Structure formats: structure tokens, C-alpha cells
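To start, I am sharing the structure in question, which I have written as C-alpha cells.
First chain written, first letter: the chains are A, B, C, D and E, and each begins at residue 1.
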Amino acid sequence: MISINNVNQLYGGTQILWDLNLEIEAGSCTCIMGRNGVGKTTLLKCLMGLLPISNGEILLDGEPLHSRNAEFRAPAGIGYVPQGRDIFPMLTVEENLRIGLPVRKSRTGDSTGEIPEKIFELFPVLKEMLHRRGGDLSGGQQQQLAIGRALVLEPRVLILDEPNEGIQPNIVKQIGDVILKLNEEEGLTVILVEQKLGFARRVGKEFRLMEKGRVVASDKMANLNDELIRQYLAV
Amino acid sequence: ADTIKVGVLHSLSGTMAISETTLKDTVLMMVEEQNKKGGLLGKQLEAVVVDPASNWPLFAEKARELLTKDKVDVIFGGWTSVSRKSVLPVIEELNGLMFYPVQYEGEESSKNVFYTGAAPNQQAIPAVDYLMNELGVERWVLAGTDYVYPRTTNKILEAYLKAKGVADSDIMINYTPFGHSDWQSIVSDVKKFGSKGKKTAVVSTINGDANVPFYKELGNQGISSEDIPVVAFSVGEEELSGIDTKPLVGHLAAWNYFQSVDSEANEAFITNWKAFIGNPKRVTNDPMEATYIGFNMWTQAVKKAGTTDVDAVEQAMIGQKSPNLTGGVAVMNKNHHLSKPVLIGEIQDDGQFEVVWETEGVVAGDAWSDFLPGSKDLISDWTSPIKCGNYNTVTRTCSGQNF
Amino acid sequence: MLPLFRTMLDGNLYFIKANRQVISVTKAESGKAFANVFTGEPLPEFTKKQIKKIRVNNRLRGYLRDAIARIQLSSSDPAAREKAVRNLLSDLDPSTIEAIQSARVNESNTAVQEMMDLALAMHKLTNAALAVDQLEAIEALSGSLESEVRNLLARVSESENYEPAVNKAAASALVKIQDKVEFYAFIDQLFFGLSLGSVLLLAAIGLAITFGVMGVINMAHGEMIMLGAYTTYVVQLMLPNHIEYSLWLAIPLAFIVSGLMGVLIERGVIRFLHGRPLETLLATFGISLILQQLVRTIFSPLNRQVASPEWMSGSIEINPVLSLTLNRLYILAFALLVFFLLQLILKKTSLGLNVRAVSQNRNMARAMGVRSDWVDAMTFGLGSGIAGIAGVALSQLTNVGPNLGQAYIIDSFMVVVFGGVGNLLGTLVAAFSLGIANKFLEPVTGAVLASILVLVFIILFIQKRPKGLFPQKGRAAE
Amino acid sequence: MSALENLTAEGKELLRRDQVWPFLMPKQQAVDVSHQVILYVEGLNLSFDGFKALNDLNLYINDGELRCLIGANGAGKTTLMDVITGKTQCDSGTVYFGQNHNLLERSEPEIAELGIGRKFQKPTVFEAHTVFDNLELSLKTNKGVMPTLLARLTPTQLDRIDQVLEIIGLKEQRFMLAGALSHGQKQWLEIGMLLVSEPRLLLIDEPVAGMTAQETERTAELLTSLAGEHTVIVVEHDMEFVRSIARTVTVLHQGSVLAEGTMDQVQNNKDVIEVYLGEEA
Amino acid sequence: MSQSLSSIARFSASDLFKGKGQPGGRVAPFVAILLAVTVLASAANLLLPESSPFYVSTYTITLLGKYLSYAMLALAVDVIWGYCGILSLGHGAFFALGGYAMGMYLMRQIGDRGVYGHPELPDFMVFLDWSELPWYWLGMDQFWFAMLMVLAVPGLLAYIFGWLAFRSRVTGVYLSIMTQALTYALLLAFFRNEMGFGGNNGLTDFKDILGFDLQSDTTRVALFAITALMLALTFITSHWIMQSRLGKVVVAIRDGEARARFLGYRTDNFKVWLFVYSAMIAAIAGALYVPQVGIINPGEFSPINSIEIVIWVAVGGRGTLIGAIVGALLVNYAKTRFTAIMPDGWLFALGALFVLVTLFLPKGLVGVYDQLKAHFAQPQSKSDESSTPHQESAKEASV
């Protein structure tokens, strides 16, 4: 579904991604792992069009994505939950969620102009906080809002960058359940960056290990062994 | 040099561009005409235009540039008093020659400057006389922009009115900042002041940009010229061309020149001007006439002196006579100020003035006001033996000369 | 006689040099129209040389007006009759009184009757011999707000020609009137304040969007206002015979002209400066210089004449001491209308939400499918367009010249900041409170000191509320 | 003669570069911990537009203790730290540092000067400064204007910075701009800034968010080693991590303390399971 | 250990040749050039005959002197804006106050040589009928006292304003607009004749300074040279401050004031201190400016002037001291040239200059070199995506 071929990326003068290749199957749940600073977030931003790539190509269903504006991703069905949440701080929770409605309408034909109830079922706290400014929420609440906001788009592909950072354990579990459910029952393709092995193992079907801006190992999650972990995840 | 250089020091940008650009064009026109007549002393005239951009220190810098870099023989320039004050030390230091064409507060006479605009006694005092004698005004509003020219003029007028027996309570003085645009309260105050049963008039030294909103407010609050006439010293044809004058009909202005004056010289001047500027609707105004007179006198003086040397021209200037545009003759006096007629005009709905009164003969410009305690003993005389701009007739001394 | 006086008053009375016959000369569509003064019959053309204008000056106009008023006493229009009487109040000589007295008998309109009674009472007060009559006259005058009445009462209260009782009665009547006058003066001042506030609001509201919401330090905002004012000028230039409607045409056109210019600026310059708001100051300052010089080059550096339509001129007179000028009234209403329309646009369309999202986190907004480029262009265009509309309104109050924008830019920033950046309601409240503060200070301190005091007040106020009147609250605002 | 010598000696003393002048020395009162408690939080209340973020909160932290603070998202943990460090004013209640310092009366810099350091939930470092400069600015020194102007790095301080760079694993990035660090690296840098400032009390908000398992372990070791000499309060949602360091755990819920005790006690508390841990945690 | 030693070397700010890494870090070469030009220009004016092709006219000398005063002013703004993120849109006020203090001294030096010949009162007081010198003019005939006032008055104003504003945590645009309000209020106040500073006409017609004739070439050259020296001095001092730890704290405050507070820095003190320092530099610049241009009037308080200063800094490159100086020199030179070459169209040129510099030289002229380097290294980086974290955070800090 998504193919990333020979992508290079630089920040100013320093190269972060080096000839990176990555293949994501439709309906899969792929977990990208690697130490701090290996370029996971950078990769996802390139995918979202938020960072320019210097060369290589990113394809969605065979169509080139890298030459399109970032604005094109959401209508094409990609939802993004960034690291650090990036909530719109001065917008209320409701407004944060409403941002995605026009795209939702174009994608699903849902013209009710309402935030789907499903979101509040998944994260009841959002309903409680509906009229609070996003920036006032606690870290964990913001994280839930960020996921909810991406789901409003009714995406085909959901990209999550460390979604459990700062989330209380029972909600972590809940997020895991949600991802599993969306992936297994609704066929949502999931790309997940995750550091916590337990969670990755529970949710991910595939893994990709990154090191120094390259994908160095990829396989089924079941095959993520101690050897690989020591080599690529240990400090 | 194979040309005679004429410096033009008028703001072409910034707040004063509205007024000064016209004067730049006037000088350019005069230069062109003179060249058509064969130039001066057998040489062509060459105008050097710079833009001091309504920035006062820049006036000084540009004056210095004109005198030392471009080596001009004469400068026509300035509008606000502060611009003149700024260039004054430079002109005196480098012994340049400047013509200043705008009505001003007086209290100055420099060897290197000729003042072709009106001094207060050539504008303000006759206007007040007119209001008092012809219209029977008893209550006075002196409204002005808060700077030196209005302040000084009003000071002189206040002293003059009191000398004429006007009571303190019949004088209201009001100052506003430059570009003041909200006149509601002040006009309403004027209205109240004028409703006390005595004939009231406003003597306005309100400067340029603030006039449009002022007159609009007058009109809207229903103050007509019969109720409370306004006589202005800074509103001419050019200013009126930016205002819808219908509500203003009958308000007054005092100048030494109006475009509407019927004279052959004036007709020719207006025709030339419209042709030069390429706009049949452009108007002329008093500072243009002052520029015109100054320029003509300068060419005569240069011819008389046979050189553009500043000292020679300066002496040759004194006593020069040149026809003005209102049918009379302007004379340059020993104090570097002109003798001119004073006209009072009423605003018409076509943006022109109609002369309703004029002085008999000309009035000589007075550099030092007789109504200010500090200067009533001062005179200016640039001929021998006094040769000084501020000679104290009591102490018989002269001070403050930079040469 | 009336047509003669009228023609004379309008300055249209000429005489033919040859035969000394008076004629009326009026402006017509093509040149001038010549007519018999009394009958209005058209006459053949005369050259400039053949005729001469009969000069009227102010004093003569005064007489003419009096005379016309006296003639008007028998006008068929009650309003004209009332006005005629009022005009006569200042000069009640015996013949006038006689005229009024005889007119009073047949007068049926109550307002005119009252006015006539007032005139008669004034006459009575000055001419009656008996104190009782005088007291009666004072009684009749005591409610009136006419300045002539007040002046008369003031004279009577101090004059030794009257009995002390009459003096006292006049004085107390005067005090009562004075109280009323003061009350209306307060209303008047409030109105002045509101109308100054509405000008500030109009000037600032576009900036509240480009600067307040988008975060562009838009130094060219004033020039957007200026463009709107020049649009009005051009509209009137094109349609010289439809001044009455020119504003209705100018408003949408000014919105389009300034709005397009705004879009142009945004697309051409501002969009390259995302994340560098300070640089927008530099670039827009440059743009403002260019635009100023551009109108200087195209329209000359002189002010341009913009006419006021008839329906915006003059004032409605509530009573003799309180009248509200129409142009201010319309502009006040217009400012509020623009404000509420804008609120509506920002609240009810997705633009409002999107622009805030983009300004808070551009990348995330894009990731949510918001077309940030489009949003930016539209918002900047909207803010600029509204500035253009403000220009139409300002053209009715002040100079239309190249410096117009400069005159408002500082005030605009002050208002937006004082109200709290990013809060439209704050802009509204700030504009009106600054306007009112200014107008209540002005009579006490003078205009210059009032401005200074308001500035000092703002500086001190911000110490108490460092984020303006309506600060953005919460964790994120820190 | 000797008077002159005295004078020059005094002069020399006055000009010693390794010391600040006495009158520039901060007047610091030692923290009185005679009752072994270093932080008293009593009856703290705080509401935002009617929402009670802190609700009659009481908390006592012993000197040298390592305390874990857990609780649901939005329970008020960060807000509590905000109040302690002077960032947010509370509605009512008291906060004492030792027995003698009322923290509610002090500004942020004063509180920092007393020896309370903080790591924020979202890493905040000076992005335009290098890693090294970030650490230099955090050193425990006189933070007045003049002393800062005249400050020079002493060899001891340099060693300390090097040492910390080693600990936080950013030795190679020492001259890199902090803004260019990845999320996890910023987390480490912020911990490093805390370390060089040698505070009495460390408030650490979610230190291991975004760290790999091994890094988490290292952080745990680090924090454990700090306890004793320093007092540490850690907020974290990673239960494995909490278990590995915790001695006493306090659970916050809706602005007040729900439970307190050892990890085992807390983990088996029914309320805590219900609102926080979830069934099988 | 060797690493720590090299670190010491790296941070000893006394070595002025260091700090080449950042643009504009080179102090000594710059100061050398500045002083060399000064000496050469002065010598060329005083020693060469006017006919010599190398003769430098007095006009040029005063012009240079004016530029250098402006450069100092730009330096002052850069210190607080570029380094501390405080965008002052009212720095012209401090410049003007310094100028007025100097102007008052020069006025008093006129003595009885005024047009009215009054032994004590300046001309404008005589003709407004003032009978005695207002108290705030007393002592201004003493050079040392006047120079004290040059520093003290703007310094005090900056202190009070800064103390109020920074303590109340007025930041960003709020602060900028308040500084603008400050200078605007002063503009209106100084316009008033009642203030006793000559109203709109200001102070002018100066005769001599410390007994030296202001119109003589030697005095002009001396003033020019003193300005150059003062510029060099303030430049070196500012550079030294910015290289010290204080400089780092200041930048830290710009990028994260709250964080700095939690580290124990009383950021308001730092800001007040820097604000006063900057105001004093501006004041010195103003004091040097006045005798060279010969007039000081309220126009110097106009908000547009202050905005222009900011623009010089931005054009040169903010956050680098040399950038501020280069920007001021260049923009003002451009203005002088343009107003003479194309009096009708120079605003187009200047406006276009500002727009182009922003678009194509985001780091100002001083950043050109760096940018060129980066450009060749990475040809297709788009401008909005390559915004560095530095800029992002500067945004938060200063707007």
C-alpha cells in the first residue's frame, strides 16, 4: 500500500535518512522501532509531507505521494498522531475535533457536520472536556484527543508516533485495544512507532527496526528476538 | 561651471509632500521658462532636485549636499518653519542663498535667506481687522495646530486683540496635534462659545491635513459661515482641491494671492502652469506666487550683479521690484521680506476664493513683531551701516549672527 | 422677492454690464444656465465679459437670511415656518414681533406655535413694564433650551433694570435649564466618544485579523485603508452624477480592491515568511512605502476630493443643544455592522476555525487536510478587504491622500493590543473605551494632553493586564 | 610599609577571580529539615474556571526520599508541581520547603535558588544553545546579573559538566544545538540540566516517556542513586519503571490523594486498579 | 581532560579573534577597519587640499558621523531585540532624549549670541515670553552635568519602564506596542511649547561645543572620530557581554524565559539591566548625533523612526552585532543616494529593498555568506520547511 523507496533526507547540512526503503502492506499493523534519534519521527514527517525529502519516492497505492502537498494526505486517507501530540492549544477540544470534518465529509460522504459519536465512546474523557481549550488538558488527555482527532478523518492508514507517551496504564491498554480493533475489524492499516516492547508485541503484526536513518531489519512481530533487541534497541 | 544650478529643497515624500511637491514643480517650470528666454548671464539654468522627505535633519543634510556637492547657486525650498530652522545654520555656514516661499511666524531674518511668504503682519493682523470692522466680530476663537507658527501667530493676535479692548473671556484658544482628525468636541465647543449672542469668528492656523476633517465637521454640525465664519491662514486653493467645498462657502482665508484674481500676469501664469503640469484642473496658490516672485527677483538680481556670487546677489536683491500676480508690484525690503498686498477671500463652491476685501496698497513684511515684548525693539536691516538681521534699536546692538 | 434673495444668497446673482439687469447664473450640465431671476425663464448665453457677479459677503448673507426668514413665516411647510421663527429669535425687533404676532393667530401647527410663543415671551420679558408680566414670561421661557433664551435669561438675571424678584426668577430658570444642558452635554460627549471609537474600530478591525489572528505584523494595514478610500474617490470620479449611491458601490469595490491587494501581498511575500513573524514587519513596511509612493505617482501627492452624499450630511437635531451628526451616526452603525458580520464569518464558516488552527500549528493543520495556503490567502484578503471598507468610511471624515494610512496605523495597533491580541471582542471594547476616554478628557485637558494621557493610561493598564483587556488564558498562552 | 602590603594583599583578595565578592553572595538560609520532612503540602486547592484541579491535597515528602507519584491523566500531578515551583498560584493551602520556607510566597527563581529543580513533562531546553551551554547555564552558581556577567567556568565545574554529559550520553552532541536533538535526547538533556544544578529536591515529570527499555533502566538506576543525598519526586505512567524504583508510591486522583503505600499495596488497592491501572496490570 | 582545557580556551571571551563560527563574530578586524577608515577620512579632510582627488569633503565627514550614530542606535536595538527578543518599537525615544540633553547643553552654550541677545534664555523662550529658565534647564550649561543627563535621563526612563513592564511580565507584541506608546506620548509632549524644549522647532542654531566652533572642519572631524570611537567601544563592550555567560542567559531568556526562571535566573532583572544598557547606548548615539546634524526636534520621537531602526537591524541581520551596524550604514547610505538620484521614486527602491532582503536574505546581509554556502550544499530546500528550531522558538519568544 505504501512504499518508500530510497528516501534521503537532510536537516540543513546533516543527513538523517539514508536510502531508506520501507514497504507497508494494506491492512497490516507495522511497528517501527529504534533508539532515540535514529530518525523514526523524521520518517513519519516525510511520509506526511511535513518535511521535504531530497530524493527517493514515497508511493501510496502506486501513486507518488512525495510530490503532493501535505494537505493531500488527509483526503487520501492518512491520519497522523504526531509525537508530542501537537494539539491546537487555543482551540477547544471540540474545535480540535471539528478541524477534520470537511475531510471526513469528502471521504465518507458524512455530511452531518457532527463529530462521530464513536470518538467519544473510545475516549469518554473528551466528551467531558469538550469545551476546554486543548492546551489546558493534561498530557494524557491531549494524547487521547490527538488520536481522536485523527480518527475523525475516517482514515485508511493511521500513523501513530509513540502514542502511549504519558498515558495512564489502563488507557494504554485501551488504546492498544482500539488499535487492534480498528486494524483487525475495520481493516485499518496502522503504522506505529513504539519504544515499549510489551505494547509493540501486543499490537504490532510486523516490525521494522531502524538504525542511523536506515531500516535494518523487518519481519513478523513474532520473530523479534532478543538478539535483534540487543543489537538495535539496547543502549 | 557652464550652467547655473538651482537647488530645489522641497519634500516629495512624507507628510509635507502634499504641499511641497507643487512648489518643486513651480520652480521647475520657472527654470524651464527662464531657459526658454535664453537662460541667465548667457548660461542655462539647471535644477537640482533632492527629497528631504519631510524629515527635518535631512533638510540640513540635503542643504549641505546641495551646497557642497552640487555647488548650487541658489536654493528654493522649505515649507514648515522647522525645516527652515534646520537648514539655516548650514546656509549661513556655507554662505548659501535660499528663498523661503511660505507664510510663517516671523521672528527671524538671516543674511542668506529671502522670505517671500507673508509675515504675521501681512496676513493675520489684516484678517482680524477685517473681521472686526467689516463683520463686527466680538468673540474670537484662535484655533491652531500645536506648533510654532500658530503659537506665535496667536500670541501676536492675542496681544493685538487685547490692545483693541477685547476681553479675556471673549477669546478662546485651542491647540490640536498635527493631523488631528476628530474635531467633534472642539467644533461643538466652538458652537457653544459662539452661542452667547455676540458675533463670533474662528481664526484658524490649523495646518494642512487637519483642515479637511475640521471643515467637514463644521459643515455637519451645521455651523455656517454666517453664524461663525472661519478665517484661515493655511488653507489655499490647493488644500480646497481635496475638500468638497459646498458646505464651506463663505468661510474666509487671508493670503497675498488668490488664483481668482483678475490680472493679465495671473492669467498667463495659470495658463503656463496648467500646460506645464499637464492638468487643466490644477490650481495655483499663494506659496506658488511667492516662489514666482522670489525666482523672478533672483534672476533680476543676478543680472544686476552680473554674477551668482551670493554676497553680490544678496545686496542686489534689496530694493528689487517685480510684478506680482495680483496686478501690483512686489518690493524686496531691507529686512529680506517683501511688500505685498493682503487679500481676504471667501470660499466658493468651485474651490476658488472670491476676494471680498483687500488692503489699500501693499504692506511691508515685518520680521520682528511689534506685538511681542521680546521683539518690539528689534529691526532687521541688511544694508550698511546696520547690516544685521536683529538690530536692537534701544541698545543699538546686534546679536546672534553666525558670520 | 424670495427668488432674488435666494439667488443672491447662493451667490448666483449677476448683472448684465450693458443694461444693469440682474439675472441668475447657475451651473448646469453643460456650462452655465442663465435665467431671469424672478420668473426663472431661461435666457440666452452671455460671455464672461458681459456679466459681472454681484458680491455677497458674510454680513450681507446674514441680512438676507433674516429677510428670507421673515418671508418664510408664511411658508406652507411647517418645518420652514418653525425654522424661520427660530432664525428670528436672535433679532427680535418690533417689526419682527408684529409679523410673528399676526402669523401666530392663524398658526395651526403646535410646534410652530410653541416656537412663536417663545419668541413672544422673549419679547414680553424685555418689553413688559410690570414685574408680573415679566415673571410670566420667564415662566414661559423656563423649559426652553434655545441659546437665545439662555442668553436673555442670563442678561435679565444680572440686569439692574429688573426687580430683584425677576432677577432671581431668571437666575433660577437659568439654573434649571443649565442642568438640562449639562445632561445633554454628557450625552453629546458620549456620542463623540462612541463615534471616535467606531472610527478606531473600523481602522483596527482588519488588523485584528491580519495581525491578531494570523500573527502578521502588518505595517501595510494603513495602506489597505488608503486603497479603500481611493477606491471611493475613483468611483465618484467615474460616476460624478451619482454621488448619492457612490458609497454603496464603493463598499464592495473597496473590499475587492484591498482584498485582492491583500491576497497579492500574501501570495507574493507573506507566505514565504511563515514562522518568521518579525520579518513580516520588515517586508510589510517595505510594501507600505511602495504603496504610498504608488498612489503619489498615480493620483499625485495632493489630497483627493471625496464628496459626501446628501443623506450623510448634516445632523439630526434632537433639541437645540443636542444634535447628532449624520455621518458619524451612520459610521457608528456601519462599524458595528461590519464587526458583527465579521464575527459571523469567523464563527459560522470553517475559515475562522481553520485560520486559528493554521496560526497555532501550521504543520498539524496541514496534516489534518487544511489547505493552509488557501486559508492564509483568504484570511489576509479578508482582513485587508475590511480595511478597505474602513477606508470608504474614513473618506467621509478625513483626507484622502497618500498619508491616510500612516495616520491610523499606530492607533490600530494600539487598539488591537489593548483589547488583547486574537480577541475580536477585545478590539471592539478597546476601541470604544479609548474613544470615550479620549472624548471625556479632551474638554478638560485639550486634545494634545488628552492623547498623551490616554497613551500613559494604556501603558499603565498593560502593567496590570499584560495581555490586554481580554487576555488569552490557559496553559498554552504562556 | 606593611600597611601598604596589607592593602595590596587585600586588593588581591578583592580581585580573586574564583570568588564572588561577599556582598554579592546570595543570602541563603539553609533548609530546616529537623523533622526529616522536606516538603509539606497541606490543604491545597486550585480550580480553573470551576474545574477543581487540586482538591484539598495533602502530601509530605521525607528528606532524601524517592517518591513516586502516579495517577490518572489529569489527576493534577503536573499542576501540583506547578504550584510547588511557583508557576501557578493556588487558591488555598500551604506549601513549605523544610520547616522554614513558605514556597507560596516566593517567585520561581527564588524557589529554584532554594534548591528545587524541575524537569518538565514536555522537554524544555534552550534550543538555540548548544548542549554544553544548556548545562553551563544550569550550574549551581550565583545567578545575579553581575556575577553572571563576570562568571568564568572553573575546572571543577567543567569536570562536572563532562561527567554529566557522560551520564546522559550526549558527549558527542556536546556542541550540537539543543534544538536539533531528538525527543528522547532532549529528555536526557533536561535530566542533565537538573543534575548539574545539584538541587535538594528534584521534581521529575515523566522522565522515561519515549525512551527505550534499556534507557528506562538506566534512568531508574540514575534516580535511585540520586536518592539519599537528594530528595526525588517522580511522576511516571510506566509501571515497570515505577516498580523498579519505588519505595513509597502516592496515587493522586481528581486532585487529592487516593492511596499511598508501597508498590504492592498500591497495586492491589481496588480503587487504584479501577481508576488507574486497569484489570490485569 | 584535554577536552575540558580546550573548552576553557573556547570560552575565554577576552580573545576577540575567536568566535569566527558565528557570522559577525569577528570583532577585531571590524574595529580595525572602522578605525582605519576614520583615521584616513579625517586625515584626508584635514590635510589634503580641496583639489586633491582624495580629499574627503566636510559634507561626507558629517554624513559619516551621522551614519555612525545611527549604527550605534542600531547596535542598541540589536542588543535587546536580536539577543533578548525584546522588540522595542520605541528606541528612538532614548536616542532623542540623549539628543535633547546634548541639545540643551549646546543651547546654553549660545549664551547671549541668540537673536534676541538674551544672556540666559534660549531664543524660543524669549519670544514665548518666558522670564526665567525652567528648573530642568539648570546645570545644563555644564558639560559634565549635561553628559551625566545624557545617560541618566534615558537610563532612568528605561529603568522605570522596564521595571514596570518586565516585572509585570509584559512580553511580545504587548511590550513592543507599549514602547511605541511611550515614544508616541513623548512625541506629543515634546511638541507642546509648554514643555520648554522648543516645541516642534526643537533646539537648533548651535554655535559651539566645549568652546570649539561647531562649524569648523576640525570640530566636525573630531566629532566624527569620537563617534567612531564610541561605536567601537560600545561594539566591543556589547560583544564582550554577549560572549559572557550573561549573554547566554540573555539568549536563553529569549528562547525560554520560563525555563530560565526555573533555573533560578531572575529574568526580569536581566531584562531591565539589558534594557537600560541598550537605552544608554541609544542615548549616547543621540548625543553624538545632535551636534553633527545641528538640530534636535520632536520628530525624532516619531514611532516610524523607531520602526525604521528595527528595519536597519533586520536588513543587516539581527542577532549579530555587526549585522546591526552594517544594516544601519547600508540603509542610510541607500537613503542618501536614492533621495538624490531619484527623488520621486526612491521610496519604491527602498521599499523593494526591504521586501527583497526579507525574502531572499532571511538572516540579513550578514547571513548572505552562510546562506550561499547552505544553498550550494542543499539546492532544493524550500523556505518554509527549512525553518530551524531556532526561528520557531524565537517566534514564541518575541511575538
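Convention: a contact is a pair of C-beta atoms (placed from the backbone, for glycine too) under 8 Å apart; a residue touches a chain by one contact, two chains touch by 3 or more.
Treat the numbers as computed from the prediction; the structure is a model and nothing was measured.
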- Query: Of the chains present, which has its C-alpha mean closest to the combined C-alpha mean?
  - Reply: E
- With chain centres set to the mean of the C-alpha atoms, which chain is at the far end from chain A? B
- Message: Using the stated contact rule, I'd like to know whether D-E or A-C comes out ahead in C-beta pair count.
- Response: D-E
- Query: CA centre of chain A versus CA centre of chain C: separation in Å?
  - Reply: 58
- When centres are defined as mean Cα positions, the distance from chain C to chain E in whole Å is 42
- Item | Distance from the mean Cα position of chain D to that of chain A, given in whole angstrom | 32
- So, in whole Å, the Cα centroid of chain B is separated from that of chain D by 73
- Provide the list of chain A residues touching at least two other chains, using ranges where the numbers run on. 50, 136
- Message: Using the touch definition from the top, which residues of chain E touch two or more other chains?
- Response: 188, 191-192, 258, 344, 347, 388, 392, 394
- Identify all positions of chain D at which a residue touches two or more other chains, and write them in rising order. 48, 180
- Enumerate the contact residues on chain A facing chain C in the complex. 48-50, 69-71, 73-75, 80, 82, 86, 88-91, 95, 98-103, 133-136, 149, 153
- Touching residues on chain E, where the partner in the complex is chain C: 87, 161, 164-165, 168-171, 173-174, 177-178, 180-182, 184-185, 188-189, 191-192, 258, 303-304, 307, 310-311, 314-315, 318, 344-345, 347-348, 350-355, 357-359, 362, 383-384, 387, 391-392, 394-395, 398-399
- Which of the residues in chain A end up touching chain D in this complex? 11, 14, 35-37, 41, 83-84, 125, 132, 136-141, 143-144, 162, 165-174, 195-197, 233-235
- In the complex, the residues of chain C that touch chain A are 350, 353-354, 356-357, 360-361, 363-372, 422, 472-477
- Task: Quick one: which bits of chain D touch chain A in the complex? Just the residue numbers, please.
- Result: 48, 51, 70-75, 78, 121-122, 169, 180-185, 188, 206, 209-215, 218, 237-239, 275-281
